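Just so it is clear, A, B, C and D label the chains in written order, and each chain counts residues from 1 on its own.
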Amino acid sequence: MSVGEEKAKNRRGLSGWLNPYHYNLERWAYVFQRVTGLGILAYVVGHLGDTSFFVGGPTGTGPSSSTWAFMSNLVENSFGHLILVLVVLILVFHGTNGIRLIVSELGLVLGKPGAIEYPYKAKSLGAVQKAAIGLAIALALVAMVWTYLILFGGTI
Amino acid sequence: MVETLKHDVVIVGSGLAGLRAAIEAARASGGKSDIAVVTKVQAMRSHSVSAEGGTAAVLYPELGDSLESHEFDTVKGSDYLADQDAVERFVKAMPGEIYQLDHWGLPWSRKEDGRIAQRWFGGYSYPRATYAEDKVGFFEMQTLYDTATKYDNIHFYQEWFVTSIIAEGGEFRGFTAIEMKTGGFAQILGKAGILATGGSGRLYSFATYGYSSTPDGMATAYRAGIPLKDMEFIQFHPSGLIPSGILITEAVRGEGGVLVNNQGERFMKRYAPNKLDLASRDVVSRAMMTEIEEGRGFKDEATGLDYIHLDFSPIGAEKIKARLTQIREIAIKFRGIDPVEKPLPVKPVCHYVMGGIDTNIDGATKLKGLWAAGEAACVSINGSNRLGANSTAECLVWGKITGAEAAKYAEGKSKPSPTGESAQLEEKRIFDGIFHGKGGTNPYEVRDTIQKEMDKNVFVYRTGEGLGNALRKIRELKAKDFLHCEDKSRVYNTNLSDVLEVESMLTVAEVVIAGALARTESRGAHARRDFPERDDKNWLKHTLAFPGPDGPRLDYSAVTITKYQPAERHY
Amino acid sequence: MRESRLMLIQYTTAVLAVALVAVHLLMQGIITPYSTAISFSTILSIYRSWFYAIFLEALLVVVLVHGFNGLRIILHEWKQTAPWSRWTDIGTLVAIVATVAYGTRTVILAIFGGVSG
Amino acid sequence: MTDLRLAIQRFDPSRDPKPRMVEYTVPRRQGMTVLEALLFARDYMDHSIGVRFSCRQASCGSCGMKINGRPRLACYTQVDELGGDSVVAQPMDNYAIIKDLVTDLGSFFQKHAQVTPRLVRSDAREQDNPTKEYLIKPDELSKVLQFTYCIKCGLCTSACPTVATDSKFPGPQALAQAYRYTADVRDQGGAERIESLDSEHGIWRCHFAGSCSYVCPKGVDPALGVQLLKRHVMSGKPPHLAEEASKEYRAPQTQT
């Protein structure tokens, strides 16, 4: 019909999920929750694959011909360890932030609605949320550093 | 090409009166009537949302209020120009409307016992302004709009700009309108019509009105030969915020706020020793202008506007924050002043037009099948000066009355099928004449000039000389070639609708000024320096303006007086 | 199923996953040194302990249900046609069943499959 | 005062294949709002600029748009508060563009209507022919009050990440209004209202990104309302059992 019909739809699409620029801290947390969730799911599926090598036994005497040693050589190196470090980072963030979300989505810790005063400050975006997101980031970083030290500590 | 749409009742305007009428028409017909609400804005954007302080009703006769008292206050406020039979009907209907809105969900502010709270307003002898914080109009609109979602037989035409009335054989047939989104042109036919298009306050630049409050509806009726009544009476609210003119509700004074001049004096004691700051609006506005003219006002450096201080301190921070939430928000946002800490700069500001489309007590116009309600109409309960909190109330009462009347009228009639000739002529006028038209004058400059002229010469105090100058200026502007459109796309062409608005402004401004020039007395909001006294012998009558070849032709009609004989007003 | 029931599952699996994953991580990196934790004999002893086998199986189910249901939610929010909705639902169920089955296979074979170190 | 550089996204879908930015230089004055700047450009520089507005005091909700990247009301945003000498005005995300800054809020109003945004009562006769008010204590009222401040400007819904892709999601405005009516002590329609929200594209598609509350100009805090409502959707019970309460003091009193 009209020449600009497609552009006129104007729905933000996936950039609405992925680009939180100009918005609030909680929006950034939303993006990371989603992205880390997908990342974790991918890792878990992969992890199912690599653990399945276990049934091949250490030397290929089990039901599978592939061996644990073969798999170990594949992932037990600096690159594999780096992946693990990142997985721990996103796992801890996703878990801690997820607890914040569950608690909040059930209407707890948000504050109670009531008389409001200008300049308006949204109760639902209050200090508890900021602190919880801060905590999620802090725990994730600590866990990451710890994992790094465990995996690379010996070699540094 | 002219599209044809058909409904039973077609309501123009989606403000308080329009929505109330739509619901009542839907209800009165038992869901049978097919109702259209045609509005040039979106739903919930009408300027009724900006009404702030209260809606008057007698809710507590057991505590000393009475219908007679509300009646008398209203008549006295009107400077005896109100039709007293209409006032009586209005006052009786109001308590029911308050409860109705409560039952539809309006969050009226409450007293400790859970009953509806009321506050003082100017010109009343009992605190009968029913309120919901200071967003009364907004909450009323919200409640009506939300309630309207219940009725499948109410159809909204949002952002359709009505341009003319279609009439045949002295009967209403429908409206023509532009669909803004597409630029299409349609005739919306109806068995009955209601004009609820609001006031015309954007004739002024210093006005509490939103930018959309132009007199399109009034001008449309007028062009169709329906007279405009009492248009010279324009209310100047005492407290418009400097510099934007945004309304600072009378409830501020109702809650205890006071006006103070540059001497630190509460000057209202000299003008209205009994009611002080809560005298009727015309009295307070004149007092403020006198203070300013005699050198006891303040001056805003950035804009050069004169002003008076509105001091909130007697109210106290707690009450300001609880009951005047929006006012505080507006003051901080638009003026950078927290009224808890400092007084606000205010000045009388164009706020309401008492006049409007001439109707009888049922809201019916002279055109059979067409009603008018709300600020667009003049029933008249407001006479020459409306009391605060009576306008939202009037919208509710006559919204309901006209909605029911129109639905009843439509029931027995068959759907109209006119020739479409007048719609084709209108389409030619707009699209061939204006959309494709050429001209050298910027219509927005014309608008600005009208507003400047009205601000200067048709304000609180008027003189024959000033009004004469204004009339000349308006006629000069009318002759200019502003009827053209730079935007050549049909899609959402506000350039086109703005030109039509400016045309309406000129039409109605001329009526206002002509009426004011002719009325050689001072009554209510119409204060002539050259005729400072009220003249009941010659002027206790309504002005009626009909369209004539050389501008408005004025006629007059009698005022209905039942219980209260005109007397001198004291506050 | 009512969406709130699915969300209840999502929340419950989330809380359980946080607890189980925390234990899993602690076991792999802290309670036992990492190099020992991933040695074949240590893992075998874990699988052969009923307690840990059940623990790993629970971890498997909880994390996969949570993860794939989460993916389902994301996909539903992405597109809203009826076939898309139906196939993502079916796909989610299939993915959960398949991955849980595959993981369970590892657990069962590790216990009963004659694997030896 | 230096002039203001005002960039407006221009786009008439009937003629242009895609939007373009056009810059206007507008004389700046103290306390100027973005709406005033836009109207200056429209009135004196290019009459074809499409912009929607009405009350100019943040009561009507007409002038929602994206200003310097964030959804705001043009009348309620002062040039000064943005910092700098340039303003970028674009239409709100997630609504179809009618022209330039004007977006189509049709679906937005429709979604609002779908959550039964009105008091539902079992005493239909009294509700439409009232004899007296329903009693509400001030503290009961204050619990829903902030949600009644919604002016339907649509900023929250344009900010919502779920709405960015999910066309069936009611959006923060409608959900917050569902809470507003459900939590009103006068309401008796909560059970059905929350049941209708418990669907595939219903309330659970909110993940509390909070952007709605972040951009709301009127302090409504839709995210709060939505989360509070989720608990009741989960349990299947509205916040209060109005049937029980209405038998007692909420029953309309007879005129004395």
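Quick note on the criterion: contacts are C-beta pairs under 8 Å (C-beta built on N, C-alpha and C of every residue); 3 or more make two chains touch, one makes a residue touch a chain.
Note that the structure is a prediction, hence the values are computed from the model and not measured.
Taking A-B and A-C together, the pair of chains sharing more C-beta contacts is A-C.
Distance between chain centres (mean CA atoms), chain B to chain C: 67 Å. Taking each chain's centre as the average of its CA atoms, chain A and chain B sit 57 Å apart. The mean-CA centres of chain A and chain C are about 16 angstrom from one another, to the nearest whole unit.
Centre-to-centre spacing of chain B and chain D amounts to 26 Å, using the average Cα coordinate of each chain. Shared contact sites, meaning residues of chain D that touch two or more other chains, fall at 12-15, 98, 144-145, 149, 165, 167, 234. Multi-chain contact residues of chain A (touching two or more other chains) are listed as 14, 34, 106, 115-116, 118. Shown for chain C are the residues in touch with two or more other chains, namely 78. Contact annotation for chain pairs lists A-B, A-C, A-D, B-D, C-D, with touch applied as defined.
Contact residues on chain D toward chain A in their complex (touch as defined above): 11-19, 68-70, 91, 93-98, 103, 142-147, 149, 159-161, 163-165, 167, 183, 206-211, 213-214, 216, 218-219, 221, 223-225, 227-228, 230-231, 234.
By the touch criterion stated above, chain A contacts chain D in their complex at residues 2-5, 7-17, 20-24, 26-27, 29-31, 33-34, 101, 104-107, 110-116, 118, 120-125, 129. Here chain A touches chain C in the complex through residues 14, 34, 37-38, 40-41, 44-45, 48, 51-52, 54-58, 61-63, 68, 72, 76, 88, 91, 95, 98-99, 102, 106, 143, 146-147, 150-151, going by the rule given at the top. On chain C, the positions that touch chain A within their shared complex are 11, 14-15, 17-18, 21-22, 25, 29-30, 34, 38, 40, 43, 47, 60, 63-64, 67-68, 70-71, 74, 78, 99, 102-103, 105-106, 109-110, 113-117.
Residue ranges on chain B touching chain A, taken from their complex, read 321-322, 325, 328-329, 332-333.
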